[in-house]
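Right after this note come the structures.
Okay, so chain A shows up in both of these, paired with chain B first and chain C after.
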Partner chain A sequence: MRIFGRVSQEQIVFGLAVLLCIGFAVSLPGFLTASNVLNLVRSVSILGILGVAMGLVVIGRGIDLSLVALMAVSVAWMLNLVGSGMPLPQALAVGLAFSLLVGAVNGWFVAYAEVPAIFATLAMGTLIYGFGRYFLFALDVAYIPDAAKPLLWLGQGTLLGVPVPIYVFAAVCIAGYLFLRYARSGRYLRAVGDNLAAARITGVPVRPIIVLQYLLSSMIGFLAGIVTAASVASMNTRLALSTYVYDVILVVVLGGIGLSGGKGGIRNVVVGTLLIGVLLNGMTIMDIQYTVQNVIKGVLLLTAIVIDTIVNPRDEQTAQQGDI
Partner chain B sequence: MTLSDRIVRWRYRYVPDHLLGEILTKRWVDNAIPLLILLAVIAVFGSLIPDFFSAASISNLARQWGEFGLIVLALTIVMVAGGIDLSVGSTFALGNIVALALMNVAGWPVPAVVAGTLACGAAVGLVNGLLVGYLRLRAFLTTLVTLIIVRAVVDMLLLRYAVAIAAAFPDSDFWFFFGEGFVAGVPFSVVVTVGVAIVLHLVLSRTRAGWHVLAVGGSRRSSHNVGIPVRRVICATYVASGTLAALAGVLFASRLGAAGADIGIGLEIAALTAAVLGGNSLGGGRGSAAKAVIGSVTVMIMVNSLVRLGVTSGANSLLLGMVLLAAVMIDVRWLKNRYKFLSKVYVSPTYSDLPPAPGTDGASPYALNDRLRPVEAIGLDRIDGPEDVILDEEDHIYAGNRTGDIVRFLAPDYERQEIFAHVGGRPLGMAFARDGSLLVCIGGMGLYRVGRDRRIEKLTDETNRSWFSVIDDSRLRLADDLDIAPDGRVFFSEATVRYEMHEWPVDCLESRGNGRIICYDPRSGSTHTVLKNLVFPNGICMTHDGQSFLFAETWACRISRYWFDGAKKGTVEPVIPDLPGYPDNINRASDGTYWLALVGIRTPSLDLALRMPGFRRRMARRVAPDEWLYPNINTGCIVRFDESGRVIETLWDRSGDNHPMITSMREHRGYLYIGGILNNRVGRLKLDGADPAWTAQASYWGRT
Partner chain C sequence: MRLFKTLLISAAVALGAGAALAQEGIDDPTRAAYYDSFVGKRVAYVPVAMGFDLTEGWAMGLREALEPLGVTFDIRDPNWNTDAGAQAITSLISEKPDVIVVHNPDVQSYARLLKKAEEAGIYVIQVNMRSSYSTDAFVGADYVGMGEQIGQRLVDKCSPANGGSGKVAITQGVLTAAASIYQMQGINNVLSKHPEIQLVSNQAADWDSTKAKNIAATVIQQHPDLCAIAGFWDVMDIGTAAAIKESGKNVYLLTQGGGNRMACDNLANGTFSEVVVYFVPGQARDMATMIKHLLQLKQPAGTTKTTLFTPLNFLTKDNMTAASCWDLPAKG
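Take a look at the complex of A and B:
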């Protein structure tokens, strides 16, 4: 265990990513070209942005399973609003407000109704997709209308030869880092995740901080949604039903943010994203079947959780009741 | 009595407030709310959908419920042990495709197909179980991942075998019986599911394995510490869950014979909603097959009805999400606040108008004096709480103590003491039977007999259950005092059926008739309740006619006489209706009269409070129990009275420092021996003018 003691999970994962990179670079022709690398980073930047959102919640000992569903529904609705003639800024504001509202409701359920985060957000994900399908739009896929074309730049444009989504990812990472490091509420967030009871006794406004987590994640999720929609010029709301949100958790857990909260930071998200990006890219180049990719991802996530459990052990004496 | 008093009295006589608290103590209230929701759902959709109650509709619904119910049962098993299994939906799909592939493509015989499919499900469960049980991963995330992996495996199998499955058509009536057959008019899947539910119910409620599961769910740490193999139990629940999910897949495969990509997607959310809606707790320890059945029927009807009403698919997940969110929230709040709420509403005072208390001054027979001053202490600081004392023919003193022993002080000087018998519980009233064995009422246990050879024997610990009481009053909670009729029948009082031993003063706040007098007949070994609805019946003493006994009702401050034989059989007559204090034990005196202990003296404030039930209820809800207005049980006296109710003399300890706390007294050879439930001694007082040869044994059984 000395090795585990000195080398953090983050470093192991980073090393793995580098090893994989070298392996792919040697074995796969065309892997290490500038365009492929840019493409690789571009393709995972959305996952990374969502990873930052999820990471902030997980650091605060929560989890947000409604992240992807909310992103899909709010952005699809926003696009529909623009399509039906609403000015773009106003539609953006409405979509963001909707996101924040749902985030606040999530937060309320977790912080004030004391529903376990995992159930509150799982139910909310199902609920929000149903709400969207029933009330907000009729079609599964919302295409970007002409009035919203300026958004396309966010997903498809380049700046100095580098795709814009990478800049967005970087900006979100920096903002997240600064928030966790320097903002008072960021520090509180980590304290709440580390030991909620102690934070409460110390005088941290625990419940508002929990609500803040979900507000942040829904806000970042909305941004990620816009980038997603801009990349492919549409938003497929079936995404809400897919297992995409588990990829996001994979990124977070793999990067080394413990699910018991209080540990890790934005750097872990970046590392996790890199590994997943390399893996997905490599598997796609190798032309591995989509279902097999799913199995591999699943086994990887399982391994990550096993390692997480070994590093942060829980047993009959330390397990908390109802902590599932 | 004023009109408002009268109204208050009628209101408390006819509105049974205490039922609310008693219903809340029952475990079945957990099922009551889900059942009401189910009835509401049936009422709403039954009226919205024409033909809802037609035979075809119900049969169709029931068959689908059979499969869904199995999955909810599977999830329930895991949830009861404190875990969660989200992979049930994928395992169901896996069971479906494996069964179809084995049947249609591989052409196995039907029993082998079923066995193979179940083994497949069990294998998935075993993976979950090993990971969650033995490696102690987080159940939620782990089963989420196995959900994804199993789903991916199903997709891979689909790519490979879907065409072959669709092309082949198995020729086996037996196989289609699973999906389409009826047993006595009931769809086969329903028969299977109901069977599984019954087995699960029996296992959880009646077997060691089931108790282990519930214990692990209730507190993983405690079960580990008492030696339950926690990891193995958890692992087993996942295996059971996987097997049941695969079984549902077999039924589904036989019914539809289709291998689609969207089978079982989102099923885990529906199953989770059903399980939680039925009242199974997240985090374990509380759950049952009945809850799973109620929840699954409710969700099944909701989902199915929405489809039949023709609303779009979005409405379905909207509804499921909302129901799940609401159910989880109610579950969390209910679990957190149930006992808080219960402790607030359990105490339900009623109106009690005591007659005016006689004075204790001057000419009153209760006039204060100092006659208990010369009391000498026996076993000072060596006995804890002798509620009752009794002496045998060799003059040894017997007294119960707080730790469940019957202590014997040896004659003649009572310097030496020994533990005569360890009976457990809280020994209270005692009496010697004709054969010299000691009969004891033990609070929390019942009526026991300690033979001369110190052998302890249970005589009775239950009586006939009342037909209409909510709480189970068959078990004795607080057997208090007893006496023995000449024919050997034992009459004993149970002070209250609503409180345990250590909460007995709280019963005064209610002053409802919660107590009863019970008869144990040694000839037939039977026990039955003789008198009900008494206000804390306490002391019992046989009169000299052998046909009746006197009994004290503590919080009603009265002595009454009950005839169990003879011309007046079955009647109750008041003897002393207005005592100045709270009567406790009654015992015979040497001159044919009776000794009575008053455990405490009434206070005007509590007497007033007893006429104000609303005030006492507010007190019980808003004030901490330590601050409640309790009856005074610290200062009492000894009274001697005769059968007509005339009070002859009263013995007080005016200074309050020698022997103020009195719950019992026995006269024996010219001395009075005094016990008190909070005392650290047994008191002894020389009686002037008493018969120095008189003993209770002689008085009762005619021996010396």
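Take a look at the complex of A and C:
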């Protein structure tokens, strides 16, 4: 174990991604071309943006299972509002406000009502989807109406030959990094995630910081939703019922942000996203069926967790508190 | 003579009475029976989920056809959950409606329940996706035939003899759905006779436009000379279309669906190249007709098995008209 002592999970996963890359580059003609690499990153950039949102919450020792449902419902509602004649900026504001409101409620449940995050957000995800389907729109899929066409650029445009979603992903990563590194609340967030009791004793406003986590994740989620809708010219709210949110968690955990909180950063999300991107792209080129792809993804997640457990054994604190 | 006179008079009376009756209007002999056979009847509808064009369109058509006759129309929405659907059918069997309309998520899940329902005396009509158990009626597309026609279109468009590259890709929905299984069988029937057509990718996108987009983007990347993509649902293929648009390549996109307005809009603006339409209001009408037929015949459930294949319409920008697609009323 000594040899592995210094190797973090992030490095293991990064190494794995590089190995896969080399393997695919040798065996699959056309894998290592500039256009395929761009396509690869583009195809996972939304997953990456959501990964940053989830990563921030997980670093703060929470989890947000309502992330995808909220994203789907708020953006679909926003599109329906535009379709029924509301000006685009106003509809965007309403959608974002709705998203933030739900985020705040999530945060309140976790921070003040002290409901475990996993239950609060799981219930919220179901609630939001049902609420949306019943009150906000009739059809599962919301198409981008003509008035919202300017948004398409965010999902389908290119800038200097690089697809715009990649820029959005990069921007969210940089913002997330700066927040965690330099903002006071960013540092507090990590402190709360690492040891809530200690943070409270040192005078960190623990509960507002927890609410902040969920506000951030719902805000980034809304942005990811707009990019999703723009890239396929529609928003499928059925995403809320899919296992997509677990893919997001996969990216976060795979990258090495421990579910016990306080560990890791944005770099981990990037590494996890890249590995998934390389894997999905390679498997699609090899024409492997989607169901088999799921098996491979699952095995990979388990492997990453096992390696993590061996390399970073549970410490005393986690043993007492348990993982989420 | 007396007899003759009596006969004459009675004939005159009869004629007169007849004429009088004719003036009041002869009753249509089947009219009363027709309306009587529907009063107080109940039809239950179990789609895979409400909230998308097909199931909403069927519900709208059935409601419009049946409710004015005094038939109660119920919707049980399992929202993509097969277990919830099975429970809905189980509870319906004990509630004993007169007819159940079922939209099967796959060929196996409901088969035994549908048999039970028929044994309990409930007529069962299946729509668009078949179960392995045949019931009183099936209304929907002939997916094997549809697959064969799609295969033939791919050959026509992409065969090197016609100037294509011969490379085609297929994006399925869910592998176990009847629509996917039977259609692939049909497509394979045709492609197996045409070795010049190369199927470079055959993937399932789980009816999800984002997955469809990523698959299409990668396939086009790997095969820049790709000639055509056949997708299995227009709602999902919005994503495929986005990938084609981004690549800037000229790929023929042949998709399919219920003919909602969205399909025509996207044909008009060039997002789709061709859409195979099984016209949903027509299917709803077929189902309503079958229901009326069964309720009037009053034979025990399961006595007859009828299949009504929906006529298919291959729509392109050039042959579509304003009436080719239909609209769902907006929810107020």
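Here is the rule we use: the second predicted complex is superposed on the first by the 308 of 324 C-alpha atoms of A that agree within 3 Å, B and C clash if a C-alpha of one lies under 4 Å from a C-alpha of the other, contacts with A are read in each partner's own complex, and residues count from 1 in each chain.
Throughout what follows, a contact is a pair of C-beta atoms (placed from the backbone, for glycine too) under 8 Å apart; a residue touches a chain by one contact, two chains touch by 3 or more.
Only a predicted model underlies this, so the values are computations on that prediction, with no experimental measurement involved.
Residue contacts after overlaying the shared chain place A:Arg238 against chain C, while chain B stays out of touching range.
Within the superposed three-chain model, A:Trp108 lies out of touch with both chain B and chain C [touch as defined at top].
More residues of chain A lie in contact with B than with the other chain of the pair chain B and chain C.
In the superposed pair of complexes, A:Arg133 makes contact with chain B and with chain C alike. In the superposition on chain A, A:Ser35 makes contact with chain C only, not with chain B. Contact with both chain B and chain C is seen for A:Thr291 once the two complexes are overlaid on the shared chain. In the superposition on chain A, contact of A:Tyr167 is made with neither chain B nor chain C. In the superposition on chain A, A:Leu302 makes contact with chain B only, while chain C stays out of contact range. Of the two partner chains, chain B is the only one that A:Gly125 touches; chain C does not reach it. Residues 133, 241, 289, 291 of chain A contact both chain B in one complex and chain C in the other. Put simply, chain A touches chain B in their complex at residues 109, 113-116, 118-120, 122-135, 241, 243, 246, 249, 253, 259, 289, 291-292, 294-295, 297-299, 301-302, 305-306, 309, 313-317, 319, 321-324. Taken in their complex, chain B has these residues touching chain A: 82-84, 131, 135-142, 144-146, 148-149, 151-153, 155-156, 159, 219-221, 223-225, 230, 265-266, 269, 272-273, 282-284, 311-322, 324-325, 328-329, 332-333, 336.
Residue ranges on chain A touching chain C, taken from their complex, read 30, 33, 35-36, 39, 42-43, 46, 133, 137-141, 143, 155-156, 163, 228, 231-234, 236, 238-239, 241-242, 280-281, 284-285, 287, 289-291.
The touching residues of chain C, when paired with chain A in their complex, are 49, 51-53, 56, 79-80, 175, 200-215, 217-219, 221-222, 235, 238-239, 241-242, 245-246, 262, 271, 328, 330-331.
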